[in-house]
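Letters A, B, C and D name the chains as they come in the text, with residue numbers starting at 1 for each one.
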(Lines give C-alpha, C1' and ligand atoms only; values in the text may rest on other atoms or scores of the structure.)
Protein backbone atom coordinates (compact mmCIF):
# COMPACT_ATOMS: atom_id res chain seq x y z
CA UNK A 1 0.00 0.00 0.00
CA UNK A 2 1.30 3.42 -0.94
CA UNK A 3 2.01 6.32 1.33
CA UNK A 4 -1.25 8.07 2.20
CA UNK A 5 -1.69 11.78 1.93
CA UNK A 6 -2.31 13.28 5.37
CA UNK A 7 -4.65 16.25 5.24
CA UNK A 8 -3.86 19.07 7.67
CA UNK A 9 -6.52 21.47 8.84
CA UNK A 10 -5.66 24.84 10.35
CA UNK A 11 -7.54 26.79 13.02
CA UNK A 12 -6.87 30.04 14.89
CA UNK A 13 -7.38 30.57 18.60
CA UNK A 14 -6.52 33.11 21.29
CA UNK A 15 -5.13 32.73 24.83
CA UNK A 16 -7.69 34.16 27.27
CA UNK A 17 -7.07 35.18 30.88
CA UNK A 18 -8.83 32.00 32.13
CA UNK A 19 -6.36 29.84 30.16
CA UNK A 20 -3.43 31.21 32.17
CA UNK A 21 -2.21 30.49 35.68
CA UNK A 22 -0.06 32.19 38.32
CA UNK A 23 3.12 31.25 36.42
CA UNK A 24 2.00 33.80 33.82
CA UNK A 25 1.64 31.14 31.11
CA UNK A 26 -1.11 28.86 29.80
CA UNK A 27 -1.91 26.14 32.35
CA UNK A 28 -0.78 22.79 30.97
CA UNK A 29 -4.27 21.28 30.93
CA UNK A 30 -5.55 24.40 29.20
CA UNK A 31 -3.95 23.38 25.90
CA UNK A 32 -6.49 20.54 25.73
CA UNK A 33 -9.11 23.31 25.36
CA UNK A 34 -7.35 24.38 22.14
CA UNK A 35 -7.18 20.75 20.96
CA UNK A 36 -10.91 20.39 21.68
CA UNK A 37 -11.79 23.64 19.90
CA UNK A 38 -9.92 22.48 16.79
CA UNK A 39 -11.59 19.06 16.80
CA UNK A 40 -15.10 20.37 17.34
CA UNK A 41 -14.69 23.06 14.65
CA UNK A 42 -13.24 20.47 12.26
CA UNK A 43 -16.14 18.07 12.81
CA UNK A 44 -18.90 20.65 12.40
CA UNK A 45 -17.28 22.70 9.59
CA UNK A 46 -15.50 20.06 7.48
CA UNK A 47 -17.35 16.83 8.31
CA UNK A 48 -20.75 18.34 9.06
CA UNK A 49 -21.54 16.47 12.28
CA UNK A 50 -21.95 17.68 15.86
CA UNK A 51 -19.16 16.43 18.09
CA UNK A 52 -18.57 14.56 20.34
CA UNK A 53 -22.31 13.76 20.67
CA UNK A 54 -23.30 12.90 17.08
CA UNK A 55 -26.71 11.45 17.91
CA UNK A 56 -28.47 9.19 20.48
CA UNK A 57 -26.66 6.09 19.22
CA UNK A 58 -23.31 7.56 18.23
CA UNK A 59 -20.86 9.36 20.53
CA UNK A 60 -17.12 9.77 20.45
CA UNK A 61 -15.35 9.24 23.79
CA UNK A 62 -11.70 9.94 24.49
CA UNK A 63 -9.44 7.06 25.53
CA UNK A 64 -6.06 8.77 25.50
CA UNK A 65 -4.62 12.29 25.59
CA UNK A 66 -1.06 13.52 25.35
CA UNK A 67 0.77 16.84 25.11
CA UNK A 68 4.42 17.89 24.96
CA UNK A 69 5.14 21.49 25.92
CA UNK A 70 8.13 23.05 24.14
CA UNK A 71 7.58 26.71 24.99
CA UNK A 72 4.92 28.56 26.95
CA UNK A 73 2.05 30.56 25.46
CA UNK A 74 0.98 33.77 27.19
CA UNK A 75 -2.10 35.92 27.66
CA UNK A 76 -3.30 37.35 24.36
CA UNK A 77 -1.15 35.13 22.16
CA UNK A 78 -2.74 34.28 18.82
CA UNK A 79 -2.37 30.57 18.23
CA UNK A 80 -2.30 28.55 15.04
CA UNK A 81 -3.60 25.03 15.69
CA UNK A 82 -3.17 22.34 13.04
CA UNK A 83 -5.12 19.10 13.15
CA UNK A 84 -4.24 15.89 11.31
CA UNK A 85 -6.73 13.00 11.58
CA UNK A 86 -5.46 9.40 11.54
CA UNK A 87 -7.63 6.28 11.41
CA UNK A 88 -6.48 3.59 13.84
CA UNK A 89 -9.39 1.27 12.95
CA UNK A 90 -13.01 1.50 11.77
CA UNK A 91 -13.86 2.51 15.34
CA UNK A 92 -10.93 4.60 16.49
CA UNK A 93 -9.54 7.94 15.30
CA UNK A 94 -6.47 9.76 16.48
CA UNK A 95 -6.23 13.52 16.05
CA UNK A 96 -2.74 14.99 16.09
CA UNK A 97 -2.23 18.66 16.93
CA UNK A 98 0.52 21.22 16.60
CA UNK A 99 0.14 24.62 18.24
CA UNK A 100 2.37 27.48 17.19
CA UNK A 101 2.54 31.19 17.86
CA UNK A 102 4.70 33.83 16.16
CA UNK A 103 5.83 31.11 13.74
CA UNK A 104 7.25 28.84 16.42
CA UNK A 105 5.97 25.41 17.47
CA UNK A 106 5.11 25.53 21.17
CA UNK A 107 2.99 22.43 21.87
CA UNK A 108 2.17 19.19 20.12
CA UNK A 109 -0.03 16.34 21.19
CA UNK A 110 -2.88 14.05 20.33
CA UNK A 111 -6.23 12.71 21.46
CA UNK A 112 -7.64 9.26 20.63
CA UNK A 113 -11.39 8.93 20.14
CA UNK A 114 -13.46 5.74 20.09
CA UNK A 115 -16.95 5.63 18.56
CA UNK A 116 -19.49 4.15 20.98
CA UNK A 117 -23.20 3.46 21.24
CA UNK A 118 -23.95 5.34 24.48
CA UNK A 119 -27.13 3.30 25.12
CA UNK A 120 -25.01 0.22 25.80
CA UNK A 121 -21.64 2.02 26.23
CA UNK A 122 -19.96 -0.30 23.68
CA UNK A 123 -17.69 0.56 20.77
CA UNK A 124 -19.22 0.67 17.28
CA UNK A 125 -18.05 1.36 13.74
CA UNK A 126 -17.90 4.86 12.32
CA UNK A 127 -20.04 5.08 9.14
CA UNK A 128 -17.95 5.08 5.94
CA UNK A 129 -19.57 8.33 4.86
CA UNK A 130 -18.20 10.08 7.94
CA UNK A 131 -14.78 8.41 7.71
CA UNK A 132 -14.51 9.52 4.09
CA UNK A 133 -15.26 13.13 4.99
CA UNK A 134 -12.76 13.09 7.87
CA UNK A 135 -9.91 11.87 5.65
CA UNK A 136 -10.70 13.84 2.50
CA UNK A 137 -8.35 16.84 2.18
CA UNK B 1 -43.32 35.62 62.64
CA UNK B 2 -40.19 35.51 64.75
CA UNK B 3 -36.65 35.87 63.54
CA UNK B 4 -35.39 32.51 62.33
CA UNK B 5 -32.07 31.06 63.38
CA UNK B 6 -29.76 30.81 60.36
CA UNK B 7 -27.47 27.81 60.53
CA UNK B 8 -23.96 28.35 59.20
CA UNK B 9 -21.87 25.48 57.88
CA UNK B 10 -18.09 25.73 57.53
CA UNK B 11 -15.82 24.08 54.95
CA UNK B 12 -12.11 24.26 54.19
CA UNK B 13 -10.59 24.50 50.72
CA UNK B 14 -7.24 25.25 49.08
CA UNK B 15 -6.30 27.46 46.12
CA UNK B 16 -4.72 25.25 43.43
CA UNK B 17 -2.58 26.39 40.50
CA UNK B 18 -5.54 25.88 38.09
CA UNK B 19 -7.64 28.33 40.16
CA UNK B 20 -5.20 31.15 39.48
CA UNK B 21 -4.59 33.32 36.42
CA UNK B 22 -1.80 35.46 35.02
CA UNK B 23 -2.62 38.25 37.48
CA UNK B 24 -1.23 35.91 40.15
CA UNK B 25 -4.61 35.67 41.93
CA UNK B 26 -7.63 33.40 41.80
CA UNK B 27 -9.59 33.98 38.58
CA UNK B 28 -12.93 35.63 39.41
CA UNK B 29 -15.02 32.76 38.04
CA UNK B 30 -12.86 30.32 40.01
CA UNK B 31 -14.49 31.32 43.29
CA UNK B 32 -17.69 29.69 42.04
CA UNK B 33 -15.73 26.41 42.26
CA UNK B 34 -15.33 27.00 46.01
CA UNK B 35 -19.04 27.87 46.30
CA UNK B 36 -19.89 24.64 44.44
CA UNK B 37 -17.55 22.53 46.60
CA UNK B 38 -19.19 23.88 49.78
CA UNK B 39 -22.71 23.23 48.47
CA UNK B 40 -22.01 19.71 47.21
CA UNK B 41 -20.21 18.74 50.46
CA UNK B 42 -23.06 20.25 52.50
CA UNK B 43 -25.70 18.31 50.56
CA UNK B 44 -23.94 14.94 50.71
CA UNK B 45 -22.55 15.26 54.27
CA UNK B 46 -25.32 17.13 56.12
CA UNK B 47 -28.43 16.47 54.06
CA UNK B 48 -27.46 13.06 52.72
CA UNK B 49 -28.40 13.57 49.06
CA UNK B 50 -26.28 13.68 45.91
CA UNK B 51 -26.26 17.15 44.40
CA UNK B 52 -27.22 18.73 42.05
CA UNK B 53 -28.61 15.53 40.44
CA UNK B 54 -30.65 14.00 43.27
CA UNK B 55 -32.44 11.39 41.14
CA UNK B 56 -34.11 10.95 37.73
CA UNK B 57 -37.03 13.18 38.69
CA UNK B 58 -35.31 15.68 40.94
CA UNK B 59 -32.48 18.01 39.98
CA UNK B 60 -31.39 21.39 41.25
CA UNK B 61 -30.55 23.96 38.56
CA UNK B 62 -28.97 27.37 39.14
CA UNK B 63 -30.95 30.49 38.18
CA UNK B 64 -28.70 33.18 39.63
CA UNK B 65 -25.10 33.60 40.79
CA UNK B 66 -23.32 36.55 42.36
CA UNK B 67 -19.93 37.31 43.90
CA UNK B 68 -18.28 40.41 45.36
CA UNK B 69 -14.49 40.35 45.53
CA UNK B 70 -12.97 42.31 48.42
CA UNK B 71 -9.41 41.00 48.36
CA UNK B 72 -7.61 38.47 46.16
CA UNK B 73 -6.73 34.89 47.16
CA UNK B 74 -3.42 33.44 45.99
CA UNK B 75 -1.86 30.08 45.13
CA UNK B 76 -1.74 27.81 48.18
CA UNK B 77 -4.08 29.91 50.34
CA UNK B 78 -6.16 27.87 52.75
CA UNK B 79 -9.75 29.10 52.53
CA UNK B 80 -12.58 28.94 55.03
CA UNK B 81 -15.92 28.86 53.23
CA UNK B 82 -19.15 29.36 55.19
CA UNK B 83 -22.52 28.43 53.74
CA UNK B 84 -25.89 29.69 54.96
CA UNK B 85 -29.00 28.20 53.30
CA UNK B 86 -32.14 30.32 52.87
CA UNK B 87 -35.50 29.09 51.61
CA UNK B 88 -37.06 31.46 49.08
CA UNK B 89 -40.07 29.15 48.50
CA UNK B 90 -40.92 25.44 48.56
CA UNK B 91 -39.09 25.20 45.23
CA UNK B 92 -36.20 27.65 45.54
CA UNK B 93 -33.17 27.77 47.84
CA UNK B 94 -30.53 30.43 48.08
CA UNK B 95 -27.09 29.55 49.43
CA UNK B 96 -25.03 32.43 50.77
CA UNK B 97 -21.25 32.12 51.02
CA UNK B 98 -18.43 33.94 52.74
CA UNK B 99 -14.82 33.04 51.89
CA UNK B 100 -12.02 34.12 54.20
CA UNK B 101 -8.30 33.43 54.48
CA UNK B 102 -5.92 34.36 57.31
CA UNK B 103 -8.98 35.56 59.26
CA UNK B 104 -10.03 38.11 56.67
CA UNK B 105 -13.19 38.09 54.53
CA UNK B 106 -12.13 38.11 50.88
CA UNK B 107 -15.24 37.13 48.85
CA UNK B 108 -18.95 36.83 49.50
CA UNK B 109 -21.71 35.79 47.19
CA UNK B 110 -24.69 33.55 46.59
CA UNK B 111 -26.23 31.03 44.24
CA UNK B 112 -29.98 30.45 43.77
CA UNK B 113 -31.16 26.90 43.03
CA UNK B 114 -34.57 25.81 41.71
CA UNK B 115 -35.80 22.23 42.08
CA UNK B 116 -36.93 20.81 38.74
CA UNK B 117 -38.22 17.60 37.25
CA UNK B 118 -35.65 17.14 34.45
CA UNK B 119 -37.98 14.85 32.44
CA UNK B 120 -40.27 17.82 31.74
CA UNK B 121 -37.79 20.58 32.75
CA UNK B 122 -40.39 22.18 35.06
CA UNK B 123 -40.03 23.40 38.65
CA UNK B 124 -41.26 21.13 41.44
CA UNK B 125 -41.46 21.21 45.24
CA UNK B 126 -38.57 20.09 47.39
CA UNK B 127 -39.71 17.27 49.77
CA UNK B 128 -40.26 18.50 53.36
CA UNK B 129 -37.84 15.88 54.63
CA UNK B 130 -35.02 17.40 52.59
CA UNK B 131 -35.99 21.00 53.42
CA UNK B 132 -35.98 20.13 57.11
CA UNK B 133 -32.50 18.66 56.90
CA UNK B 134 -31.20 21.68 54.98
CA UNK B 135 -32.44 24.16 57.58
CA UNK B 136 -31.68 22.17 60.74
CA UNK B 137 -28.53 23.50 62.43
CA UNK C 1 -27.39 66.02 31.95
CA UNK C 2 -29.11 64.35 29.07
CA UNK C 3 -29.63 60.66 28.54
CA UNK C 4 -26.47 59.11 27.16
CA UNK C 5 -26.40 56.85 24.17
CA UNK C 6 -25.33 53.36 25.24
CA UNK C 7 -23.28 51.58 22.60
CA UNK C 8 -23.89 47.85 22.24
CA UNK C 9 -21.24 45.54 20.84
CA UNK C 10 -22.09 42.09 19.52
CA UNK C 11 -19.96 38.93 19.56
CA UNK C 12 -20.55 35.33 18.53
CA UNK C 13 -19.49 32.27 20.51
CA UNK C 14 -20.11 28.51 20.57
CA UNK C 15 -20.87 26.10 23.42
CA UNK C 16 -18.06 23.53 23.57
CA UNK C 17 -18.15 20.16 25.35
CA UNK C 18 -16.01 21.53 28.19
CA UNK C 19 -18.61 24.25 28.86
CA UNK C 20 -21.28 21.65 29.65
CA UNK C 21 -21.88 19.49 32.70
CA UNK C 22 -23.68 16.25 33.56
CA UNK C 23 -27.06 18.05 33.51
CA UNK C 24 -26.53 18.29 29.72
CA UNK C 25 -26.42 22.11 29.83
CA UNK C 26 -23.76 24.80 30.18
CA UNK C 27 -22.38 24.84 33.75
CA UNK C 28 -23.49 28.07 35.47
CA UNK C 29 -19.93 29.35 36.01
CA UNK C 30 -19.16 28.59 32.36
CA UNK C 31 -21.20 31.58 31.16
CA UNK C 32 -18.55 33.81 32.73
CA UNK C 33 -16.23 32.39 30.03
CA UNK C 34 -18.52 33.89 27.38
CA UNK C 35 -18.63 37.20 29.30
CA UNK C 36 -14.82 37.18 29.46
CA UNK C 37 -14.46 36.36 25.76
CA UNK C 38 -16.73 39.29 24.83
CA UNK C 39 -14.84 41.71 27.09
CA UNK C 40 -11.38 40.67 25.92
CA UNK C 41 -12.39 40.78 22.24
CA UNK C 42 -14.03 44.20 22.77
CA UNK C 43 -10.91 45.60 24.43
CA UNK C 44 -8.45 44.36 21.82
CA UNK C 45 -10.63 44.91 18.72
CA UNK C 46 -12.51 48.12 19.55
CA UNK C 47 -10.34 49.83 22.18
CA UNK C 48 -6.97 48.49 21.03
CA UNK C 49 -5.55 47.45 24.39
CA UNK C 50 -4.67 44.04 25.80
CA UNK C 51 -6.97 43.07 28.65
CA UNK C 52 -7.08 42.65 31.63
CA UNK C 53 -3.28 43.20 31.80
CA UNK C 54 -2.81 46.47 29.89
CA UNK C 55 0.79 47.09 30.97
CA UNK C 56 3.07 46.86 34.04
CA UNK C 57 1.32 49.75 35.76
CA UNK C 58 -2.24 49.26 34.57
CA UNK C 59 -4.41 46.19 35.17
CA UNK C 60 -8.14 45.71 35.42
CA UNK C 61 -9.31 43.49 38.30
CA UNK C 62 -12.86 42.26 38.84
CA UNK C 63 -14.70 43.33 41.99
CA UNK C 64 -18.17 41.94 41.26
CA UNK C 65 -19.82 39.39 38.96
CA UNK C 66 -23.46 38.47 38.47
CA UNK C 67 -25.52 36.28 36.17
CA UNK C 68 -29.20 35.41 35.89
CA UNK C 69 -30.01 32.21 34.02
CA UNK C 70 -33.35 32.24 32.17
CA UNK C 71 -32.94 29.19 29.94
CA UNK C 72 -30.14 26.68 29.47
CA UNK C 73 -27.69 26.61 26.56
CA UNK C 74 -26.59 23.23 25.19
CA UNK C 75 -23.62 21.65 23.44
CA UNK C 76 -23.06 23.18 20.01
CA UNK C 77 -25.40 26.16 20.52
CA UNK C 78 -24.29 29.26 18.68
CA UNK C 79 -24.50 32.19 21.07
CA UNK C 80 -24.90 35.90 20.45
CA UNK C 81 -23.30 37.90 23.24
CA UNK C 82 -23.95 41.64 23.52
CA UNK C 83 -21.78 43.89 25.67
CA UNK C 84 -22.70 47.35 26.93
CA UNK C 85 -20.01 49.29 28.83
CA UNK C 86 -21.02 51.68 31.62
CA UNK C 87 -18.67 54.05 33.48
CA UNK C 88 -19.24 54.00 37.23
CA UNK C 89 -16.35 56.42 37.87
CA UNK C 90 -12.99 57.38 36.35
CA UNK C 91 -11.64 54.15 37.86
CA UNK C 92 -14.50 51.68 37.55
CA UNK C 93 -16.29 50.20 34.53
CA UNK C 94 -19.26 47.89 34.49
CA UNK C 95 -19.83 45.63 31.48
CA UNK C 96 -23.37 44.36 31.00
CA UNK C 97 -23.99 41.22 28.95
CA UNK C 98 -26.95 39.55 27.29
CA UNK C 99 -26.54 36.06 25.83
CA UNK C 100 -29.10 34.73 23.39
CA UNK C 101 -29.41 31.69 21.17
CA UNK C 102 -31.97 31.03 18.45
CA UNK C 103 -33.31 34.56 18.98
CA UNK C 104 -34.11 34.02 22.65
CA UNK C 105 -32.46 35.70 25.67
CA UNK C 106 -31.03 32.97 27.89
CA UNK C 107 -28.60 34.68 30.29
CA UNK C 108 -27.87 38.24 31.37
CA UNK C 109 -25.34 39.55 33.83
CA UNK C 110 -22.50 41.94 34.47
CA UNK C 111 -18.92 42.23 35.66
CA UNK C 112 -17.42 45.27 37.42
CA UNK C 113 -13.78 46.12 36.74
CA UNK C 114 -11.51 48.45 38.71
CA UNK C 115 -8.31 49.88 37.23
CA UNK C 116 -5.33 49.29 39.49
CA UNK C 117 -1.59 49.83 39.57
CA UNK C 118 -0.45 46.24 40.23
CA UNK C 119 2.92 47.37 41.64
CA UNK C 120 1.16 48.83 44.70
CA UNK C 121 -2.21 47.07 44.19
CA UNK C 122 -4.12 50.38 44.46
CA UNK C 123 -6.88 51.79 42.26
CA UNK C 124 -5.95 54.36 39.64
CA UNK C 125 -7.69 56.41 36.95
CA UNK C 126 -8.31 55.05 33.49
CA UNK C 127 -6.72 57.38 30.86
CA UNK C 128 -9.32 59.56 29.07
CA UNK C 129 -8.13 58.26 25.72
CA UNK C 130 -9.10 54.72 26.72
CA UNK C 131 -12.39 55.79 28.33
CA UNK C 132 -13.32 57.65 25.16
CA UNK C 133 -12.68 54.61 22.99
CA UNK C 134 -14.68 52.36 25.35
CA UNK C 135 -17.76 54.60 25.22
CA UNK C 136 -17.62 55.63 21.57
CA UNK C 137 -20.21 53.69 19.54
CA UNK D 1 22.62 -0.48 40.30
CA UNK D 2 19.92 -2.34 42.17
CA UNK D 3 16.18 -2.01 41.74
CA UNK D 4 14.96 1.02 43.64
CA UNK D 5 11.96 0.98 45.92
CA UNK D 6 9.21 3.16 44.48
CA UNK D 7 7.16 4.91 47.14
CA UNK D 8 3.44 5.27 46.42
CA UNK D 9 1.38 8.03 47.99
CA UNK D 10 -2.41 7.85 48.15
CA UNK D 11 -4.93 10.70 48.02
CA UNK D 12 -8.72 10.88 47.97
CA UNK D 13 -10.78 13.13 45.73
CA UNK D 14 -14.39 13.60 44.63
CA UNK D 15 -15.95 14.19 41.21
CA UNK D 16 -17.78 17.54 41.29
CA UNK D 17 -20.43 18.76 38.86
CA UNK D 18 -17.88 21.08 37.17
CA UNK D 19 -15.64 18.08 36.40
CA UNK D 20 -18.36 16.46 34.26
CA UNK D 21 -19.59 17.18 30.76
CA UNK D 22 -22.72 16.57 28.70
CA UNK D 23 -21.71 12.92 28.16
CA UNK D 24 -22.49 12.46 31.87
CA UNK D 25 -18.87 11.59 32.69
CA UNK D 26 -15.73 13.42 33.77
CA UNK D 27 -14.37 15.53 30.91
CA UNK D 28 -11.06 14.03 29.74
CA UNK D 29 -9.02 17.13 30.59
CA UNK D 30 -10.66 17.19 34.02
CA UNK D 31 -8.60 14.22 35.19
CA UNK D 32 -5.54 16.47 35.07
CA UNK D 33 -7.20 18.40 37.92
CA UNK D 34 -7.02 15.21 40.02
CA UNK D 35 -3.39 14.69 38.99
CA UNK D 36 -2.63 18.29 39.99
CA UNK D 37 -4.43 17.97 43.33
CA UNK D 38 -2.41 14.86 44.19
CA UNK D 39 0.89 16.49 43.24
CA UNK D 40 0.25 19.73 45.10
CA UNK D 41 -0.94 17.89 48.23
CA UNK D 42 2.09 15.59 48.03
CA UNK D 43 4.51 18.49 47.76
CA UNK D 44 3.04 20.54 50.61
CA UNK D 45 2.22 17.61 52.95
CA UNK D 46 5.11 15.17 52.36
CA UNK D 47 7.90 17.36 50.98
CA UNK D 48 6.97 20.59 52.74
CA UNK D 49 7.27 22.99 49.80
CA UNK D 50 4.66 25.07 47.97
CA UNK D 51 4.16 23.84 44.44
CA UNK D 52 4.62 24.55 41.55
CA UNK D 53 5.93 27.99 42.63
CA UNK D 54 8.52 27.10 45.28
CA UNK D 55 10.12 30.55 45.50
CA UNK D 56 11.24 33.47 43.28
CA UNK D 57 14.12 31.45 41.83
CA UNK D 58 12.61 27.98 41.77
CA UNK D 59 9.52 26.92 39.88
CA UNK D 60 8.42 23.62 38.41
CA UNK D 61 6.97 23.78 34.89
CA UNK D 62 5.28 20.94 33.04
CA UNK D 63 6.85 19.68 29.82
CA UNK D 64 4.67 16.63 29.16
CA UNK D 65 1.27 15.24 30.19
CA UNK D 66 -0.43 11.98 29.36
CA UNK D 67 -3.58 10.10 30.36
CA UNK D 68 -5.18 6.81 29.33
CA UNK D 69 -8.89 6.48 30.08
CA UNK D 70 -10.05 2.93 30.81
CA UNK D 71 -13.48 3.59 32.29
CA UNK D 72 -15.42 6.79 32.98
CA UNK D 73 -15.87 8.42 36.40
CA UNK D 74 -19.22 10.02 37.19
CA UNK D 75 -20.65 12.82 39.33
CA UNK D 76 -20.13 12.15 43.03
CA UNK D 77 -17.65 9.29 42.54
CA UNK D 78 -15.08 9.05 45.31
CA UNK D 79 -11.66 8.65 43.70
CA UNK D 80 -8.46 7.11 45.01
CA UNK D 81 -5.44 8.72 43.36
CA UNK D 82 -1.99 7.18 43.77
CA UNK D 83 1.17 9.11 42.96
CA UNK D 84 4.59 7.59 42.31
CA UNK D 85 7.50 10.03 41.82
CA UNK D 86 10.36 9.11 39.46
CA UNK D 87 13.56 11.10 39.00
CA UNK D 88 14.55 11.48 35.35
CA UNK D 89 17.55 13.65 36.18
CA UNK D 90 18.66 16.18 38.80
CA UNK D 91 16.35 18.65 37.07
CA UNK D 92 13.39 16.59 35.93
CA UNK D 93 10.76 14.60 37.84
CA UNK D 94 8.00 12.44 36.48
CA UNK D 95 4.90 11.81 38.56
CA UNK D 96 2.87 8.73 37.67
CA UNK D 97 -0.79 8.51 38.65
CA UNK D 98 -3.42 5.82 38.92
CA UNK D 99 -7.04 6.78 39.59
CA UNK D 100 -9.50 4.18 40.78
CA UNK D 101 -13.07 4.18 42.04
CA UNK D 102 -15.00 1.34 43.63
CA UNK D 103 -11.79 -0.70 43.55
CA UNK D 104 -11.35 -0.47 39.80
CA UNK D 105 -8.58 1.33 37.90
CA UNK D 106 -10.18 3.90 35.63
CA UNK D 107 -7.40 6.26 34.53
CA UNK D 108 -3.62 6.26 34.57
CA UNK D 109 -1.18 8.85 33.37
CA UNK D 110 1.80 11.01 34.14
CA UNK D 111 3.13 14.54 34.18
CA UNK D 112 6.78 15.55 33.70
CA UNK D 113 8.08 18.57 35.61
CA UNK D 114 11.30 20.51 35.00
CA UNK D 115 12.80 22.76 37.66
CA UNK D 116 13.52 26.23 36.32
CA UNK D 117 14.77 29.61 37.48
CA UNK D 118 11.81 31.78 36.36
CA UNK D 119 13.93 34.95 36.31
CA UNK D 120 15.87 33.63 33.32
CA UNK D 121 13.42 30.85 32.35
CA UNK D 122 16.22 28.25 32.30
CA UNK D 123 16.35 24.77 33.85
CA UNK D 124 18.17 24.35 37.17
CA UNK D 125 18.95 21.53 39.60
CA UNK D 126 16.55 20.50 42.31
CA UNK D 127 18.25 20.75 45.77
CA UNK D 128 19.25 17.34 47.16
CA UNK D 129 17.25 18.00 50.31
CA UNK D 130 14.06 18.28 48.28
CA UNK D 131 14.91 15.32 46.04
CA UNK D 132 15.53 13.19 49.15
CA UNK D 133 12.16 14.09 50.63
CA UNK D 134 10.37 13.39 47.35
CA UNK D 135 11.85 9.90 47.06
CA UNK D 136 11.74 8.89 50.73
CA UNK D 137 8.82 6.54 51.38
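What we mean here is this: a residue touches a chain if its C-beta (ideal position, glycine included) is under 8 Å from a C-beta of that chain, and two chains touch if they have at least 3 such contacts.
Keep in mind it's a predicted model, so treat the numbers as computed, not measured.
Visitor: Taking CA centroids for every chain, report which one is farthest away from chain D.
Guide: Most remote chain from chain D, centroid-wise, comes out as C.
Visitor: Have a look at B-C versus B-D and report the one with more C-beta pairs in contact.
Guide: Answer by contact count: B-C.
Visitor: Measuring from the mean C-alpha position of chain A to the mean C-alpha position of chain B, what distance in angstrom results?
Guide: 34
Visitor: Return the distance between the CA-based centres of chain B and chain D, expressed in whole Å.
Guide: 28
Visitor: Just the number, please: Cα centre separation of chain B and chain C in whole Å.
Guide: The computed centroid separation for chain B versus chain C comes out at 24 Å.
Visitor: For chain C, jot down the residues that touch at least 2 other chains.
Guide: Chain C, residues with two or more chain partners: 17-18, 22-23, 25, 29, 33, 36, 52-53, 75.
Visitor: Please name which positions on chain C make contact with chain D in the complex.
Guide: Contact set of chain C toward chain D: 17-18, 20-25, 27, 29, 74-75.
Visitor: In their shared complex, at which residues does chain D touch chain B?
Guide: Touching chain B from chain D are residues 14, 16-18, 33, 36-37, 40, 44, 50-53, 75-76.
Visitor: With touch defined as at the start, can you tell me which chain A residues reach chain D in the complex?
Guide: 22-23, 25, 28-29, 32-33, 36, 52-53, 59, 61-70, 72, 111, 118
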